[in-house]
Amino acid sequence: MKNYVIKRFLLMIGTIFIIASLTFILMHLIPGSPFEQDRQTSAAVQENLRAFHQLDQPLYIQYFSYLKSIATFNFGPSIASPDTTVNELIGRGFPVSFELGLWAIGIALVSGLVLGVMAALHHNGLLDHLCMGIAVLGISIPNFVLSTLLIQEFAVNLGWFPAATWRTPMHMVLPVAALATAPMAIIARLIRSSMLETLTQDYIKMARAKGLSPMRVVIRHALRNALMPVVTLLGTLMASILTGTFVIEKIFAIPGMGRYFIDSISTRDYPVIMGTTVFYSTILVFMLFLVDMAYCLLDPRIRLHHHKGQA
Amino acid sequence: MAIHKNNKLPLVSVQALKKHFPLNRHQTVKALNGVSFDIHKGETFGLVGESGCGKSTVGRTIMGLYPPTAGQVYIHGKDIHQASAQENKTRQRQIQMIFQDPYASLNPRATIFEIIAEPLEIHRVHKNKNDLRQHINRLFEEVGLNPAHAHRYPHEFSGGQRQRVGIARALALEPDIIIADEPISALDVSIQAQIVLLLQRLQQDKKLTYLFIAHDLAMVKYLSDRVGVMYLGQMAELASSHELYANPLHPYTQALLSAIPVPDPDLEKKRQRILLKGELPSAINPPAGCVFHTRCPQAQAICRQQPPVWQEHAPGHFAACHLIAEGNR
Amino acid sequence: MKPHEQDLFPPEWLQPAIRNTGDLHNTIERPYVSYWQDAWQRLRRNKLAMLGLVFLLALVSMAIFAPLFSPYSATAQDLRNQNLPPSALHWFGTDDLGRDVFTRTWQGARISLFVGFMAALIDFVIGVAYGGYSGLKGGKTDAVMMRIVEILYGLPYLLMVILLMVVMKPSLLTIIIALTITGWISMARIVRGQVLQLKNLEFVTASRTFGASPGRIIRKNLLPNTMGPIIVQMTLTVPSAIFAEAFLSFLGLGIQAPHASWGVMTNDALPVILSGDWWQLFFPALFISLTMFAFNVLGDGLQDALDPKLKK
């Protein structure tokens, strides 16, 4: 198992490296990028940029200093807001985005689980079709569309929730709902098919034959195995939630990192774009790595082998 | 070791053929470990042995599907693995193969017309569709299929009919040599007889040469002129079919023959079956000395130490066993 | 010389009785139904999937014909008629520049569908070529190619697309390029998996014995036997491409004004929501959702219909 961990870790580092390099190449490929002379930016800003990114130096030196700055998480000054550095922007925005994302994943997991299990237990019944109907809708409606619909209905028409910003728990309801719906639907469908498969296995029939109370204990037995595919999917889900935060933050005017990212795209604030892209990717890849580790630990076959090796 | 029959070059000649398949970085499966024999024009050469003895590998290596690890295969006197691309194309028209599994050897998504047409299309035999269609209809009739069913799919036919399709496909390019890799093992017994008769008739009509690979000894005897017995990648014995069954020299052949049931119940009760002890050793680490010594009821010390020499002990009758040479049977 | 026991019976006794072997039907079979016909029958029974199919066909027809027959153009501005609610003149109302929402919606349909199908097609071509070759070759080539895929798979898809769109000038072509740069990976994996399973089957070996080239083997032997999973994958690629295009347009990275894509329309409609002009948002949103819904249920239905294991 140790080999596996090391291999995944190296893969993670490698991926981050590739992403950083790709970003570097792309940013320097753009003709007329502010890394060259740009009339729109003031002399002071250009001086800052030149100093930080070492723009006088040949390209490969720039590349290495870039890599170094990445490794030390220092992304340099922003163009659009010359007084702030990218790091500061990230520092301000990331906690908000992280909170949003965490709530979304949590809600998605819990509600997805409930929906999926209910559907599986009432296979082909009314509840099954209902839950799966909700699920298909959830997958089909893009989150930005859903956000606008939610605002339209619950904020404007009914006035239950505020439409924007991020101050009180009431402010959190609509954004989290919009963000969590699609992942919830995906989880629900996955759990349902996974449970259905698990429930037909022999060891479940055995448990029932032993006289274990059907609902509680069977759920406990079957669910543990049915969860595996969901864990595998967790990585992709996190990626989609991450990209989802861009849009949600923009629509709901939430001061998270995503909104700075979107704004930087419109203003072509390249240092911010670069920095946040690399930062996002690192977070993502790191999360994937954690999920891999969790999967490793959860799968008793891998765990037991490990123990056998030690004993 | 080419035996010249009537002073003519044998059609197929296999010399010291070895084929090892890599299992992982350290180990190889020694499917073929030094096999030599010839096949003469017009004869049916039977190749028998248990599963895993390498007889299928021999067939496929002769077909050119695997490059050999060592040794050579000569067809019409030419080394097939030193051939140019042009010679390869020619050779593909001379030697064809019939496969064991009538279910897996036909593309489930092609009509049987397309299946039989495939070799003809690849080799661009016919200039127009009509000639192609006529040729295929003729093939249908030769193997006993109804041309009206030409546009059906394999899964609509029975196993015996599918095997006929396989035979028709093998005949399409009008080869001289056909390698039949266990063509009847997957069929019901009643169908086996039909297919065997078909193969015999085709051989007569078209002057074909067969390499007939099987594990059913009775059937092999019925069909073959000469028979080779293989064990764990090597040839144990080779003789004319009658001679082999009348006078088996190698202990393995003797054991195999003793296991064939006899239709006479009284005889069946009285005769002695030779039981082999132990199990088939792994082809990854074949035993040293004579590969058969671990199971041979007559094994001696020398059998553990030295591999026996492949020798002609009687005209046309070859075997590899220490005990024959010493006259100790 | 001792006669062998088997020679007790003269060989003539052992000849099987000769029958006319012209038309052997010694199995009981159900009426002839090809794989595709069977799949179609099963799909037909799935009402939801058929609903999706019908909707998509209707959508495509409308996308082709509606803008042609509409009296309005998708881009002509008419500042006297801004923000009109749906009426007999403007079935879907007008937007804040006086443009007819109905025509724009169908124009948007054209764009979204085009992007979706192109993306699926390109994914198909690249994925089949890459996965098919990798699977067929096997060995080291396969290992290397799959390593590359693994690394590419680890890159966050949408982030990369966004990055690319920032660098390239946003247009229809660049969107399609950006979407297909990493989209083919799933297809390649599926095709490779199938090829690995199939290539050792005897009918593939048989083709090799008469000298079929690798291209021919992929086309005639492997591909027709893989079409099921490939088609299912393609029906799932289209909605994700449509979603990505809408997403990018929404962020301002996609199709630019004045062209109408559903994403652009949604983006434009946002500020107007609070003043109650619901129709500008409603129609593009409705159609994005319905289209993706239709593709999803169709894809689900196809998956069930094409799965040979479920064959009754």
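Think of it as A, B and C in the order they're written, each chain with its own count starting at 1.
As a convention for this text, contacts are C-beta pairs under 8 Å (C-beta built on N, C-alpha and C of every residue); 3 or more make two chains touch, one makes a residue touch a chain.
Quick caveat: nothing in here was measured; it's all calculated off a predicted structure.
If the chains shown are joined wherever they touch, the resulting network is a simple chain of contacts running from one end to the other without closing. Placing every chain at the mean of its C-alpha atoms, the farthest one from chain B is found to be A.
Among the chains in view, C has its Cα centre nearest the centre of the complete protein Cα set.
Rounded to a whole number, the gap between the C-alpha centres of chain A and chain C is 25 angstrom. Inter-chain spacing, taken between the CA centroids of chain A and chain B, is 60 Å. Taking each chain's centre as the mean of its C-alpha atoms, chain B lies 46 Å from chain C.
Annotation for chain B: no residues touch 2 or more other chains. Of all residues in chain A, those touching chain C in their complex are 11-12, 14-15, 18-19, 22-23, 26-27, 29-30, 136-137, 139-142, 144-145, 148-149, 151-152, 156, 163, 239-240, 242-243, 246-247, 250-251, 262, 265-266, 268, 273, 277, 280-281, 284-285, 288. If you check the complex, the residues on chain B that touch chain C are 60, 63-65, 88-89, 92, 96-97, 99-101, 104-110, 115, 118-119, 122-123, 144, 146, 152-153, 156, 158, 160-161, 166, 169, 173, 190, 193-194, 197, 218, 221-222, 245-247, 260, 262-264, 267, 271. Of all residues in chain C, those touching chain B in their complex are 1-6, 8-9, 11, 14-16, 21-27, 29, 32, 34-35, 201-203, 205-212, 216, 220-221, 224-225. Of all the residues in chain C, the ones that touch chain A in their complex are 150-151, 154-160, 162-164, 166-167, 239, 243, 246-247, 250-253, 266, 269-270, 273-274, 276, 278, 281, 285, 288-290, 292-293, 296-297, 300.
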